[in-house]
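The following pair of complexes shares a single chain, chain A, combined with chain B in the former and chain C in the latter.
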Partner chain A sequence: MPTKPKPVEGEKKVFMTGNEVVAWAAAAAGAECMYGYPITPQNEIMHYWTRLAPKFGLIFLQTEDELSAGFTMLGGVLAGRKSFTATAGPGNTLMQEPLSMAEMMRLPAVVVIQQRGGPSTGQVVYSQQEVTLTSLGGNGEGLRVVYSTSSHQDLYDYTIKAFNTAWRYRFPTFLLGDGYQGKMREPVVMYDPEVRGVELVPAEPYVGRPGTPGVDRPPAHLRNAYSIEEELYEAVMELVREYEKVAPEIVEHEAFGVDGARVVAVAHGVVFRAVKGVVRELRQQGVPVGYFRPITLRPFPADALRRVAATGVRLLVVESAYGQLARLVKEALSGLPAEVHGLYKPGVLVGQGEIATRIKTLVQGG
Partner chain B sequence: MARPVKILLAGEGGQGVQAVAEIIAEAAYEKGREALYIPNFGIEQRGGVSLAFVQVGDEPIGPPRFETADLAIALSDRAVVRSRPYVGPETTFIYDSSIGTNHLPQGVARLVAVPAIEVSKKELHPRVFNVMILGAVIGLTGVITVEEAKEAIERRLGHRFEKDPALRELNHRAVERGVELVKGKL
Partner chain C sequence: MQIQPAMPRSWRPETKPHKFCPGCGHGIVLKALGEAIDELEIQDRVVFGCDIGCSLLSWDFFNVDTVQTHHGRTTPVMVGMKRANPELIVVAYMGDGGGYAIGTQHLVNAATRNDRITVILVNNTQYGMTGGQMAPTTLPGQKTETTPFGRDPELTGYPIQGPEMVASITRDGAYVARGTVARPRQLKEFIKRALQNQMAGRGFSFVEALSTCPTNWRTNAEDTWKFIEKEMTRYFKVGEVKVPPELARGKGEREDG
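Now for the complex of A and B:
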């Protein structure tokens, strides 16, 4: 039998949309099945996946809605296939039900979110208003991983990483992008993970394994329903303990200029791109300002941010939402006398001029 | 820090501004520069004004949309209105001569009318109107060369030129004519 061709051989630099990058990265990460329901601005992930599918022996199923997309994806996962889906906005709302089951059953899965404006249908273009939903959605404890990307290189790198995180730790893993990232074109280096020494975590079936359950092998015991409160309590506490144990291995952030800073701007996603440019320029002018970017929104890099805040800086949270990132920041800083200010523009990109003005005012004590 | 050149293209759906934006960004990328292009996209499937944001520079580009364009090109009345939020004192604002002057932005660095629609109709062909606009952007910014633009057009339309070599000639003339149109306007 001829060996299956690899979707990405070696390394190559390309110029394409973010949605296309995600499709290639998922294929390079060894994803085999995509289940999905169309919604702007993530549609092209599905489109490009269906183009790659016949070439590389991949599977695609369009379902009747996002609930079904999420559950069929988990069916693929149970059968031992690396499966994923992509959605946005109201689709993300529906997706929380199946992903809640994944949390309860401790199943891996990868979900790509290209945020659009809300509430409800909102707009189809861009926002950062799905932070709370993606990090803490579902009727549970938010036992999932959320990577927030800010460039096409992130989309490629963290799509690959999301599959490994999901299958290594068996918690559902989200890649949180947005419509701008999905639709814009910029350069990105695509690579075969093997070339970079990234080992892909293999998938195994959770049900239908050979042998008689209880005789030849332990039975697959995947529950999402319990009879009594105490029983569920034990199960949830076990999940929480497992999550808290692995969280330090997963959590990621990047920071710049925080030592000696009077103001530290906190941002994620494409807003971080705006903040990064402003902060670096102001630093060159001698303004004591730094930035802090949580890469994982869940688990949140609380310890790292607490160390920054403990130096007595003023924090400025900048986001295209009305305080959703700020809520995570404030929870992380609980008990510290840190000043948290906000520059909130729900559903629109925050301008660099506006960010610079606000930072300067805060530096001067205003 | 070297800032990227920020270009806003605005036109009616069908005028081909997205194709122009894509060609510029891709050609700049091909020559090893940093480039970012994003279309505006809303809920409507067709009609309306189409905006394209292009940035070309030598360092990784910041946010995908900018506040103020260095060069803004508006190709219809409605496109002029839609472009205005992205225009400032440093902006060179180019508009087609056929557009009424009522809504033109005030206080920009330069306000330049070019007879692009007329010239494309009379001298070339309306289908290469956007290619002439591409030439105008090149003439005004130098973000890519005429040769690089021709190569980029070849990558997109080469398969059609094979069947109809006259079409290649028409496209090349349109780029060059676009450059000519803005000569001496800066």
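Now for the complex of A and C:
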């Protein structure tokens, strides 16, 4: 059998939109199925995937809605193929139903969210208002992994990582971007994961394994419905134990200048880029400020942030939402006497000038 | 000496007797499916997907790989699975609420796309698991928990004609039939042909099975049988609705009830 051509050979520097980056990265990660439904600002992921499909033997179906996109994706996963979908806003709301099933049944679904403004139809451009929904959505316990990207290189690296995390730990995994990241062009290095020594975790079928069920092997009987409270309680507690066991291996953050800082700015996603620039500049001017960026919003890097907060700094949460990241931060810092301030701009980008002004005010005790 | 009743080979004896109420038609539909799987010798290739509602009680019914999904979502799960691995023979099993109400968009679009899957939809004229509410299939005048004075078609319409709808939106290659647990052999034949049609890769295959629910109908044995044989067939004609020319017409000739 001829081996399939690799979507990305070696390494190459390209200049492209984030949505295109995601399509290439998913193919490079060994994804074989994409099921999707149009919604702005993620459409180009499907557009590029459908163009890559014939060349690399990839499967695509445009479904009737996001419920179907999510559930067909789970069908692809059950059949043993790395499968994913991409959505945003109201589509993300619908996507919580299939992802709840993935959470219950440990199905390694991968979902790319390019956040848009909300509530409701909101706007189709940009926000960070899908943090709560993506991290804790569904009628369950939020047992999923959420990577928040802040650059096109992140989009490439973490798309590949998302498939590996999903198939290694068997928890549904989200890549949380936004409309600006999806639509903007910037330079990115695309690479064959093997060239970088990134091992791709293989997919395995849940159904249709060799042999006759009940004769050569037990049948796969996969369910998400239980008859009594205690039975479900035990199933959920097993999920929670497993999630808490692997969380330390998954959790990621980056920090700078937090030692000796009077103020630490906390931000994720594209807002982090603004914060990073401001903090580095103020630091050069001698202002005692640092930054903390959660890369995984679920599991949240609570221990690392608690260590920062324990030094008595004032925290400034900066986000394009009205306190959704701040809620995760406050939960992580529960019991610590840390001051948490907010610079909340739901659905709009936060400018470096206003961030700098707030930081300086807080440093001066205001 | 204990004598077991004859069961299809593809049934899982460890989970019998099954969990359905006395008099429920699900067992007969699943027996027809089990016999069809046996006769076609496809136990090692079938994946059975079951919906929410009473159909979910079949999640461990067969010695066949099985996935229990969400209410109305069995169709897309099996569509995604079949497209990811066309070697599998997939069966989406659901009730009238799952197929004709909460999951209608999936049924309509899978049929329109001619997805190579087999859908078996059990029509017992109401929502059984939740306690007997009106369904799209409830007969005019029929009392349910949400139509305590009888279904008024002026307010809530007439029973949905599922197979007729599926037949009208599918292209050549689709197989569509309506069977009944009152005629188990004919029902088995319809299900077998629906599986063969998928195996031949011809197209969407759909069987509605008229079924009994004495628990929620509040009927005794005699009235149960009268309801399925006389009342339901006034609105739901039993027989094959659409047969690809390649599937030779045999026992499944349309026999109006």
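A few comments on the model shown:
By our rule, the second predicted complex is superposed on the first by the 360 of 366 C-alpha atoms of A that agree within 3 Å, B and C clash if a C-alpha of one lies under 4 Å from a C-alpha of the other, contacts with A are read in each partner's own complex, and residues count from 1 in each chain.
Please note the rule applied: contacts are C-beta pairs under 8 Å (C-beta built on N, C-alpha and C of every residue); 3 or more make two chains touch, one makes a residue touch a chain.
Fair warning: this is a prediction, and the values are worked out from it, not measured in the lab.
Taken together through their common chain A, the two structures put chain B and chain C side by side without a clash.
With both structures placed on the common chain, the touch criterion links A:Glu32 to chain C but leaves chain B unconnected.
By the touch criterion stated above, A:Thr72 is placed in contact with chain C alone, chain B being left untouched. Once chain A of one complex is fitted onto chain A of the other, the partner contacts of A:Ile59 are limited to chain C, with no touch recorded for chain B. Of the two partner chains placed by the overlay, only chain C lies in contact with A:Val215; chain B stays clear of it. Once the two complexes are laid over each other on the shared chain, residue contacts for A:Gly260 go to neither chain B nor chain C.
By the touch criterion stated above, A:Gly312 is placed in contact with neither chain B nor chain C.
In the superposed three-chain model, the partner touching more residues of chain A is C, compared with the other of chain B and chain C. After superposing the two complexes on their shared chain, the closest approach between C-alpha atoms of chain B and chain C is 26 Å.
Remark: chain B residues 1, 22, 25-26, 29-30, 34-43, 60-65, 67 touch chain A in the complex. The residues of chain C lying in touch with chain A in their complex are 10, 12, 43-45, 47, 52, 56, 59-60, 62-70, 73, 76-85, 87-88, 105-106, 108-109. Chain contact summary for the complex, chain A toward chain B: residues 15, 40-41, 123-125, 151, 179-181, 183-187, 270-271, 273-274, 276-277, 280-281, 284, 349, 351-353. Within the complex formed with chain C, the chain A residues making contact are 32-33, 35, 59, 61, 63-65, 67-68, 70-76, 78-81, 83, 97-98, 101, 205-209, 211-215, 219-225.
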